[in-house]
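Listed below are the structures to be examined.
Both of the next two complexes hold chain A, though its partner changes from chain B to chain C.
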Partner chain A sequence: MGIKRGVSLYSYQQEQFFRRMNWKDMIREVHDNLHADGIEIIDEAIIRNYPFPSEQFIYDWNNEMARYNMKAVTMDVYLDVHQFRDHVMNHREAAERLKNDIRLAARMGFENVRCLCLVPTEVIEMAIPTAEKYNVRIGKEIHFPLPIRPGVKPAKIDPVLDPRMAEQIIDLVQRTGTKHVGLVPDFGIFQHSPTDLAVDYYKRHENPDMVDFILEKGRDYEIDDILKMLDEKFPGHTMNFMSMGTIVIKESSARPEDLKEIVPYIVSMHGKFYHMTEIEGKPGQYEDKAIEYAKPIQYLKECGFDGYINSEFEGQRYRQDGSEEDMIDEVEQVRRHHEMLSRLIGK
Partner chain B sequence: MFARNMFKPDGFRNTYADGQAVGFQFDCKVQYYRGITLSIVRDIKVEVDGVEYPRENIRFSIKGETFTLDEMRTVIDHELRWEFGKWATVIVLKEGGLEQGKHHIKSTQIIAPSYMPHILEHAGDYDFEIA
Partner chain C sequence: MFDRFLIRKDSLENVVSGGEVTGFKFAVRIADYRGCFLSLHNGYYVECDGEQYPVSLQKFEINNRPPRSFEEIRKCVWEHWDYDDEGFLYIEKKGGLLPGRHTIGIQQSVLAQYGYMPWDEEWVKNPPVPGKGSGAGKTAAICKFELELQA
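Entry: the complex of A and B
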């Protein structure tokens, strides 16, 4: 057993956008070149005519997965709460949508669905009977800037996110006794510093001196305070709370050791990363300088986690403002990520 | 995402009806990492050579169906989604179309997907030529 490796096909979004790779090409890449078998998808990116794909699509999917002996690990689902323009979807409507996603995931052989950290616990609870019937687990994502356990640092975060999310899901599992609800921690919660790609992006689009100023102040001040300084010192800048959040990162939103307490509830992991670069003095070995991987993987191993870590490459977004030649090679980045995962997992 | 690559280079042309140029059109991709239900499109803005065209002059065409932006508010049909990486055609009604020659377009997509609590707005610029 042990930790298993997979890829979220989201990692190849740029290849898909330019129509250089389709989902079949991506599956073959994971199989042939990464020697991994885990596949994760975003429903609305891969499933044509979601949420009611044709029988042919389902057949094609299952057949392709069978051909390469791949494992459909997790399907990432969303709740399009703004879809009906006369009202925001209510909880009962949202639960119906989630149940349909669960049935669809089951037809495509997926073991789990991942729902977003904003999905109310009540909606998940309403879908439990469907999850049990179809034997598909619902994993709620622990995404940056959430912690695993609250109180790691002052909760200076997005007001719509509840830092007690993991605790609420564990309570739900204990109260209902279900084995079909859990958590999908994203390695983005172990990001401890800004990625160089984000810093370079803002240096191309803003005054580079201002970016250096932000990085320097970011060590001691909160985003709101720095924005006020920018308004005075660099009038006309276009930084906002969201963009600042990508380069003002003092410490990770979760502590790696907190993983130990939630291992039994982990459905699968998102291996978020931005930029794999060669480790100095170690040719052929790679790391993401902004995200801690070694300790979390060590704790997962110690606690006997035997699920999947699925690569989720997101660094390409910071290089899509120039010409196509300047864009990042997603395939190469994911290969490097799997070099690191294989090495840290130890097999 | 892909502010430049949202436009199809050879998709710019005048739109004709009964032999008359009634507007111009271009093909574009959704500026997001997944496909979307058309009803979450809040607006598509088009500005050519500094002239912004009114919302009621915009038409959106996909898989052979054409909608006004107001009609699109109700399109939740799974077969009429704007799939990721696929072209849709935006038509702008303008009597006589655009003049032959070089032009500059700025188009902005405003969508309301569920991931973020706020509305997303993505603009892209492109230089094109009407033959």
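Entry: the complex of A and C
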């Protein structure tokens, strides 16, 4: 069997924004040019009239997937707790949204839904009977800056993200015995350095000397401390905790070898990447200089993982501040990513 | 993201109602990679030629419905603004804009989230005033556009 390749249509968000590709064009690209069959979607980007698509849309989707013999791997679902505006959704209401998304995923042939790392475990537990009834697995995403195992490094406790997330999901699976809950690790947790695209973006919008200063201090200091230094040395800067987080990256948030312990719980993986560039001296071979792929894939292979890695291209947003000609070609980036995946997977 | 493309360049027009120019409008896209439940839309920070226009002077046109105030929009809890769709932002300004070029700065405030956050209860009681980054999606800056008023 082995590891299988797919694409999250998130990767083509810019093509969709400029109306150069619709979801049918994307499916055809994955089939014809990547020779892959896995498809992942963002529900609120692809499903017309979410969460009440027409019967025609559902039939059209299933027909198109059947036409090219594609696999609906994972549907990415969300939790907007302010939907009702007059109160914060409680956990039972949050579970209703998740259950509705599961039913929608089932109608579109998806095997899994990906829920976000901020969704409380209790909400997932409430949705288990629905997941079992419709045979759709719920995979909770392990997203940067989460580790796979906590305590590997003395990370600061985040006010909202719990570093024990993977462990909590495994406990839930063991406690309930369900086969319909698991994890969706994102390769972003193996990002070990800032991507050049983010650094260049901030150099265009801020004082380039300040960006170099941040990169230098980023090796030894935490973001809070660097922000204080910036306030003093570069008054009027517009950097904040979020933007700093994209260029102050000392080491990956998870260790590749920790994947070995969670392989049985992985429902699918997000192949996050920012910028595929040609490897020096190896024409036609590509890499993302900021994210480790070789070791994680080696461990996945050793442990017999036979699910999907779905490309998730995210570099485009750092080049949307200029003209249309300056933008990054998403189609080409995903093709390069699949050159790398095929090479590392070994088929 | 989409910093330079959140307003369609050729969309700035005056709005005529009952034979009088009552304001101006322009076409906007969502500053995110996904759409949102319409109720989450909390309005815009808008400045035009240095003058700010608060949410109380704004209306939003989407889903083939007439322009609605953001007081009405917040009640649209089962309606969705799809990622593919362009909306029109209407700004009340007696007499509208003069012919020629105008500098418009905007930042959206869509209260989309990835789950529970420490400020949730506060946002129910006192929704954030657009312009400070809350709900700005994936585009943190106030984006500036030089637009020609269309005839």
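In this section, the second predicted complex is superposed on the first by the 345 of 347 C-alpha atoms of A that agree within 3 Å, B and C clash if a C-alpha of one lies under 4 Å from a C-alpha of the other, contacts with A are read in each partner's own complex, and residues count from 1 in each chain.
The criterion applied here is as follows: a contact is a pair of C-beta atoms (placed from the backbone, for glycine too) under 8 Å apart; a residue touches a chain by one contact, two chains touch by 3 or more.
The model shown is predicted, which means the values in this text are computed figures rather than measured ones.
In this overlay on chain A, chain B clashes with chain C. After overlaying the two complexes on the shared chain, residue contacts for A:118 are found with chain B and with chain C alike. Within the superposed three-chain model, A:250 lies out of touch with both chain B and chain C [touch as defined at top].
Contacts of A:238 after superposition on the shared chain: chain C is touched, whereas chain B is not. Counted by residues of chain A touched, the larger count belongs to C, out of chain B and chain C. Of the two partner chains placed by superposition, chain B and chain C are both touched by A:79. In the overlay built on the shared chain, the residue A:282 is in contact with neither chain B nor chain C. By the touch criterion defined above, A:92 lies against neither chain B nor chain C after alignment on the C-alpha atoms of chain A. Touched by chain B in one complex and by chain C in the other are residues 10, 13, 16-19, 42-45, 48-52, 78-85, 116, 118, 160, 317, 320-321, 323 of chain A. Chain C contributes residues 1-5, 29, 33-37, 39-40, 74-75, 77-78, 80, 82-84, 111-118, 120-121, 123-124, 127, 133, 138, 140-141 to its touches with chain A in the complex. Per the touch definition, chain A reaches chain B in the complex via residues 10, 13, 16-19, 42-45, 48-52, 78-85, 116, 118, 158, 160, 317, 320-321, 323-324.
On the chain A side of its complex with chain C, the touching residues are 10, 13, 16-19, 42-45, 48-52, 78-88, 116-120, 159-160, 205, 238, 240, 242-243, 316-317, 320-323. Of all the residues in chain B, the ones that touch chain A in their complex are 1-5, 29, 33-37, 39-40, 73-74, 76, 78-79, 81, 83-85, 112-115, 117.
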